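Okay, so chain A shows up in both of these, paired with chain B first and chain C after.
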Partner chain A sequence: MSSIGTGYDLSASTYSPDGRVFQIEYASKAVENSGTAIGIRCKDGVVFAVEKLITSKLHEPKSNRRIFTIDKHIGMAAAGLIADSRKIVTRSRDEAANFRFTLAQPIPVKHLVDRVSGFVHAHTLYSAVRPFGFNVMYGSYGSEGPRLYMIDPSGIALGYFGCAVGKAKQAAKTEIEKLKTQELTCKDAIREVAKIIYTVHDEVKDKEFELELSWVGEVTGGLHQFVPDDVFEDAVQYAKEAIKESDSEDEL
Partner chain B sequence: MEDYRAPMEHQWSPYSWNGGTILAVAGEDFAVIASDTRLSEGFQIYTRDSPKTYKMSDTAVLGCSGFHGDVLTLIKVIEAQQKIYRHTHQKDLSCESLAQLLATILYSRRFFPYYTYNILAGLDKKGKGCVYSFDPVGSYDREMYRAGGSAAAMLQPLLDNQVALKNQAGVEKEPLTIDKAVSLVTDVFTSAAERDIYTGDGVKISIITASGIDVKEVPLRRD
Partner chain C sequence: FILYHYSTIPRGKMAVLQPYPDFLSISDWTREPVSTGTSIMAVEYDRGVVIAADSRTTSGAYIVNRVTDKLTQVTDHIFCCRSGSAADTQSFADMVKYNLQLHTIELEEPPLVKTAANMFKSLCYRDRDKRIAGIICAGWDKRNGGQVYSIPLGGMCVRQPFSIGGSGSTYIYGYCDAHFRTGMTKEECIQFAKNALALAISRDGSSGGVIRIACIEESGVERLLFTGNDIPQFSNE
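Our next item is the complex of A and B:
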């Protein structure tokens, strides 16, 4: 559905003759060039995995995070323009804190997503601002159980069982669809998402990457956390072995 | 003839005092909240049938006394915010959240306060009885019992002695039952009506339990 919109694509306040707002579509392109991020809603929680592409040999591990915690019980993974996503992190945290302030209650993730998507959408209405260049995923394990949502640059928010964005989103989606997400526990799913990231990572085009893994669920008592080191090591090993197997299968 | 009276400065006040006493007690799995039903101003009685308790939900009742104009407006504002919450979240506000919300609403008028004394009673998220009491600008605390409004100073010390068993030596603390709580509430209101001119006519008692809200009305002195 790619087409250039010459003349109708200079501002978000202009429609094209076929009813499209090109600026919003261009914003999605920014996401397509970013490192892959996936989220899975499993039986007892939500897991996130992000392929953080490293361009510098001087990069400090665990810096420039792409996974964030919004209040204690909600996690967020971002793909696209990371500077834009930092703004939405602050906004989300403000919304969650404000909700606690007025209602003495943690914000239900559905309501948070509702509020944030309205904010994202507002940036698609005027020529004075540009649409945000990110897809963000929210995961939470609250009184309603595990929930996973994604907001795109147009401000649309949908709930998912499995979600992939970024460079290799098609390949990642295919891998996720092979899984029976509703039967996995967080402990199983964390290994699977690590494996998917390693599988879809393009060795040729993108050299180095750092994996970020986080989860929120029964296993963490409802708190969003980066996975502990031993779980991380185990997941990475599982991922690497899975690649080796499939590589050797290819050779045969 | 010359006027020898001292100069008096007159100033219109946006507030007036309409009397009314409210009282709430929390038990293990119930809460009781009561108010008298007299509405007055000065030595005049407007009506003998104006209760000061307002049902918020199946698990929360708000007692609200002081300046009746602000009482009515405050109730309107809270009910509007409740409506929005119910539409957004498809459920009722819990007692804890309602208390926090009320505090925010009261503080938003920090520099022209709602002249109201509020006590919220009901069941918390875990089904236990709770009582939250507020000052006119939203300072609040969760307690086991609290008297508010006109005869508060008369009732509160009596509750300290009878509910919390303060300053009583060698008394066994028994769990408070609904019947004991209701008879205590009736007795204290009868006593308040004896001495406080603003309290009287009748008392309306709401008993909040997991099965719903039961209401009792008991007459009081009409003088």
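Our next item is the complex of A and C:
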């Protein structure tokens, strides 16, 4: 449901008569047009899967990543305007490194998310800058266990057991809700998220996509990493078989 | 350290800085910076740490305070033992205490001893040429139990099973190396600290007064005071 805020939507420093800041809402639209990204907090870690839409046949695989490592124990997946998300990656990395330097301990992800969401929110206060056009998900496996957070363009940060953003977020959310995330281990969850991405990918509107998978948890000893090739192949195969099954069901 | 004053301004010339002539001199001790020339130590044991200090603050040969508390609390479970310049160490302790209060609220859990020690280290290392501060940061936290961190003059920070500091510590290196054992109980640590400081106090003119001790564990902080005859006496002619 969208409404046009004619006259009150030209800058982030203007309220509409019904108390909305339209620029922030428009920023969310930028996310809705991007490739789907999902994150799941499981029993022993957090997994990310991103549907990276490819527009060119000359695209080099594994370039233009949408998943980033912020600190050894924290990973981040971005959806929306990727150029904006690059800025927040740098900011997050600086915050995490600075925390390590002054306080001699790794930054708890909740604290990092507090700081970064403050930074994102600051860009919604002035007409001189525009709000960021992304949703970013932070996942970590630290001393407090697995944690998953998401920051939206307004600067609100919430904790999740599972979240999805992008083109197919509704469909992806439905799929995630079917899973019992608290009982999954990372190894199970990584196949599930691959399957969800393949399932919700729109073959008609978007032709090619590259899947990115990453995890952080017991299985990696607390480090955030892209999944190893063999795990990746296995997850993709699981996903493709699941689609074939559901396709063949449709035909009947 | 010579006190200077501006001489009467001769006409047409700039004011000239000259030392006080002898007949105008003030007592030496008023010119000396106030120092916690000191004996301090901290010892790790299984459930926490024992920290101890003497109580003498001097300005030259004058004892400014004979009942000083050199064991300064920075959080519920983290203390520091201060030696060197009283001004430098007090201001460092204030700054670390302030920053840790904010840190506790942001992180929603008590700070690590390592964090406090590194904060002290940053302060001591910055402007290391201008500061005189030998600090022992010790305490208890949930992740690593009792810990002792030594931050001597240059601003390094190193964890040790036990640490001694201050001017009086020079006299007890041998005693401490000979008598320290890992796996001591709290009572054994208290006795070890008391004996060591008593020996330091008896040989170091800048250390004296009472022996203050604090035991820091998960359950909290227990403070002890030993005065007069409670301080061990050793034979020394």
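Remarks
The working rule: the second predicted complex is superposed on the first by the 251 of 252 C-alpha atoms of A that agree within 3 Å, B and C clash if a C-alpha of one lies under 4 Å from a C-alpha of the other, contacts with A are read in each partner's own complex, and residues count from 1 in each chain.
Throughout what follows, a contact is a pair of C-beta atoms (placed from the backbone, for glycine too) under 8 Å apart; a residue touches a chain by one contact, two chains touch by 3 or more.
These numbers were taken from a predicted model, which means no experiment stands behind them.
Taken together through their common chain A, the two structures put chain B and chain C in a clash. Residue contacts after overlaying the shared chain place A:104 against chain B and chain C alike. By the touch criterion defined above, A:128 lies against neither chain B nor chain C after alignment on the C-alpha atoms of chain A. Comparing which residues of chain A touch chain B with which touch chain C, the overlap comprises 102-105, 108, 111, 114. By the touch criterion stated above, chain A contacts chain C in their complex at residues 102-105, 108, 110-111, 114, 143.
Across the complex, chain B is touched by residues 101-105, 108, 111, 114 of chain A. Across the complex, chain B meets chain A through its residues 85, 88-89, 93-94, 96-97, 99-101, 104.
Considering their complex, residues 103, 106-108, 112, 114-115, 117-119, 122, 143 of chain C touch chain A.
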